[in-house]
Amino acid sequence: MKPEKIPYSLNSKKVADATKEWLHKRGVTIDEIAELVMLLQKKYYPDLTLEECVHNVEKVLSKREVQNAVLTGIQLDILAEQGALISPLQEMIENDESLYGVDEVLAFSIVNVYGSIGFTNYGYVDKLKPGVLERLNDKNDEPTHTFLDDIVGAIAASASSRIAHRKQAEREKALGEESVGDGSTPE
Amino acid sequence: MKPEKIPYSLNSKKVADATKEWLHKRGVTIDEIAELVMLLQKKYYPDLTLEECVHNVEKVLSKREVQNAVLTGIQLDILAEQGALISPLQEMIENDESLYGVDEVLAFSIVNVYGSIGFTNYGYVDKLKPGVLERLNDKNDEPTHTFLDDIVGAIAASASSRIAHRKQAEREKALGEESVGDGSTPE
Amino acid sequence: MKPEKIPYSLNSKKVADATKEWLHKRGVTIDEIAELVMLLQKKYYPDLTLEECVHNVEKVLSKREVQNAVLTGIQLDILAEQGALISPLQEMIENDESLYGVDEVLAFSIVNVYGSIGFTNYGYVDKLKPGVLERLNDKNDEPTHTFLDDIVGAIAASASSRIAHRKQAEREKALGEESVGDGSTPE
Amino acid sequence: MKPEKIPYSLNSKKVADATKEWLHKRGVTIDEIAELVMLLQKKYYPDLTLEECVHNVEKVLSKREVQNAVLTGIQLDILAEQGALISPLQEMIENDESLYGVDEVLAFSIVNVYGSIGFTNYGYVDKLKPGVLERLNDKNDEPTHTFLDDIVGAIAASASSRIAHRKQAEREKALGEESVGDGSTPE
């Protein structure tokens, strides 16, 4: 019925690349997210390096579920900025309405992938808005980041969960305990 | 900075009205959702009337959390239809990509409001696509309903949960047991 | 085989009463939870009274979904205290193992009932452990509260969400806007 | 303060081993779960083998978040069987009370790890109770499986999600598309 159309076929690399590209276009660097991770985790792992944090953020960003949430959230932010949404969705997103929680819902779909241990970290950074989150949350600033600030907090919380799982695996390995293999820690 | 702008103030009635209006514009009637509820619940409550189902669907639709999900999901469907989304989000939503699960994430934010007992009903109707869901899910049809079919299933599952709670309250009342008051059943 | 058994029939009042009774037995008062709510909300509503906070906590506790989570969590705490769980579940709950997140999962089933706007408040109090949460989280103390501290935080976050919805309804009423009825705010 | 106690240190292998052991003791084989996966996925992947399904179930079971849910759920089933729970939690779990949804909450913490695309499969098998789920759900049977049937359904749904992600990666590789690396698919 739509014979001339090229059959749709998902290209995972396109989705992954678009995710990184749009985070960059919206002014968020991997390093800034890694600094949030450091803030959340340095207390528990004094030897943690920024490099490790960057690596873990990149691993989180390589997950399809995360990419879907990032792209959808940024898209809604952009459309709100352009005034292109139907009313009253336009006003709610544009003003980061406190009774509109779809931004938190998307953020949580990210946190869930790394398990429930990240719930607390997400809420904590989302409330205190340290580092990059303060800038994203600045309502006087032109761009709309209603979704992006929650999403960046969720990525940082997820990377923190990933580190907690990995560090435990390292600790057990150092103790000479029999390894349970790669699958025991989140990829 | 934007001195002439009227200060933003949420009007709940506008959000509620827009929800009903957009469901209607996208071709979904309250009666069709109520029929899904009937399909899910008649086995447990043989005396259940379509009128009761309609009433419970309307109660679900009166919740802000539900309204937010409905408006956001329909908005993304419309934009995908217009080809107005960034690539590859456009292709994923347009084609109801099976690895894109943000539609399920939004649907679940609806189901959650009425508690975990609705999880199963949601999955069941979302898989079998009975009644109105078959029409919404028809890929040959012009309009894009990637979000709407999941959302309608979630509303029906939530209304089913609401009925289960209410029927229990009625049963206890009939047994002459001391009532625990309105708060024990979801409003 | 169990011929003399009285057929099972849920009595909602029993579930509601047991919830209050067990919170009390585990040393948590409604007032303490209300104080957490006050801490979270006084910034937004300077006129908020402790009485209102108490009322909202009680409304949250009247929900079946919440009661189920409270009873299940307290039960697991008690069994861990008694050393009655299978290994290594015993050790994980007894020591509030950081990679064991079922306590957060149960807490989240509470928060979800009042929608996604409570996610942030939950994480915030769960991280900072103010007031009653500090006491519950004290590992030197005899009783095990691995589940209860998260659950109490979740109840406070839910009551905060409930207040946010109610206050908006009051504000609109004061502005003379047409009411959308009781259903628009969480019961 | 408790100086004579051996300091607690989580051993991941113990948690993983206990999970497998307890599934076995409760009468559930990996093969039976794999057959559920086959039932859910053979329509989409005609070449799917039972061996692949077994492998994916094992990968799901290697996740800590999954292990925590399995052990906690089985524990509550066993205690209900023994009549060792506080009333009315005892009666609710023993009778698989329809308004008690903590079993679904635990099941969902499993499904979430593999993303939202598994929500539908979970609800579907949980409603239809095919294969092993029919046996687990048999109320005449002695053992209590209030938690276990939902948990087994969740493991099968998660393994199905894992397969969907993997098959897409294979398809893209076969098309000669540039790989996005291991991270793009769930470990």
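The chains carry the letters A, B, C and D, assigned in the order they are written, with residues numbered from 1 in each.
The working rule: contacts are C-beta pairs under 8 Å (C-beta built on N, C-alpha and C of every residue); 3 or more make two chains touch, one makes a residue touch a chain.
The structure displayed is predicted, hence computed values, not measured ones.
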Problem set entry | Minimum number of chain-to-chain touching steps separating subunit B from subunit D | 1
Exercise. Between copies subunit A and subunit D, are the contact residues mostly the same numbers or mostly different, with half as the line?
Worked result: same
Exercise. Quick one: subunit A and subunit B, Cα centre-to-centre, how many Å?
Worked result: 27
Seminar exercise, completed: So, in whole Å, the Cα centroid of subunit B is separated from that of subunit C by 26
Problem set entry | Overlap residues in subunit D, where contacts from two or more other chains coincide | 10-11, 64-65, 99, 101-102, 105, 109, 115-116, 165, 168
Exercise. Which of line, ring, star, complete or other matches the graph of chains that touch?
Worked result: complete
Seminar exercise, completed: The residues of subunit C that touch subunit B in their complex are 9-13, 16, 58-59, 62-65, 109, 112-113, 115-116, 165, 168-169, 171-172, 175, 177-187
Problem set entry | Partner subunit D, residues of subunit C touching it in the complex | 8, 10-11, 14-15, 18, 22, 64-65, 68-69, 71-72, 75-76, 78-79, 84-89, 91-92, 94-95, 97, 99-102, 105-106, 109, 140
Exercise. Which part of subunit A faces subunit C closely enough to touch in the complex?
Worked result: 98-99, 101-102, 104-105, 107-108, 115-117, 119-124, 126-128, 164-165, 168
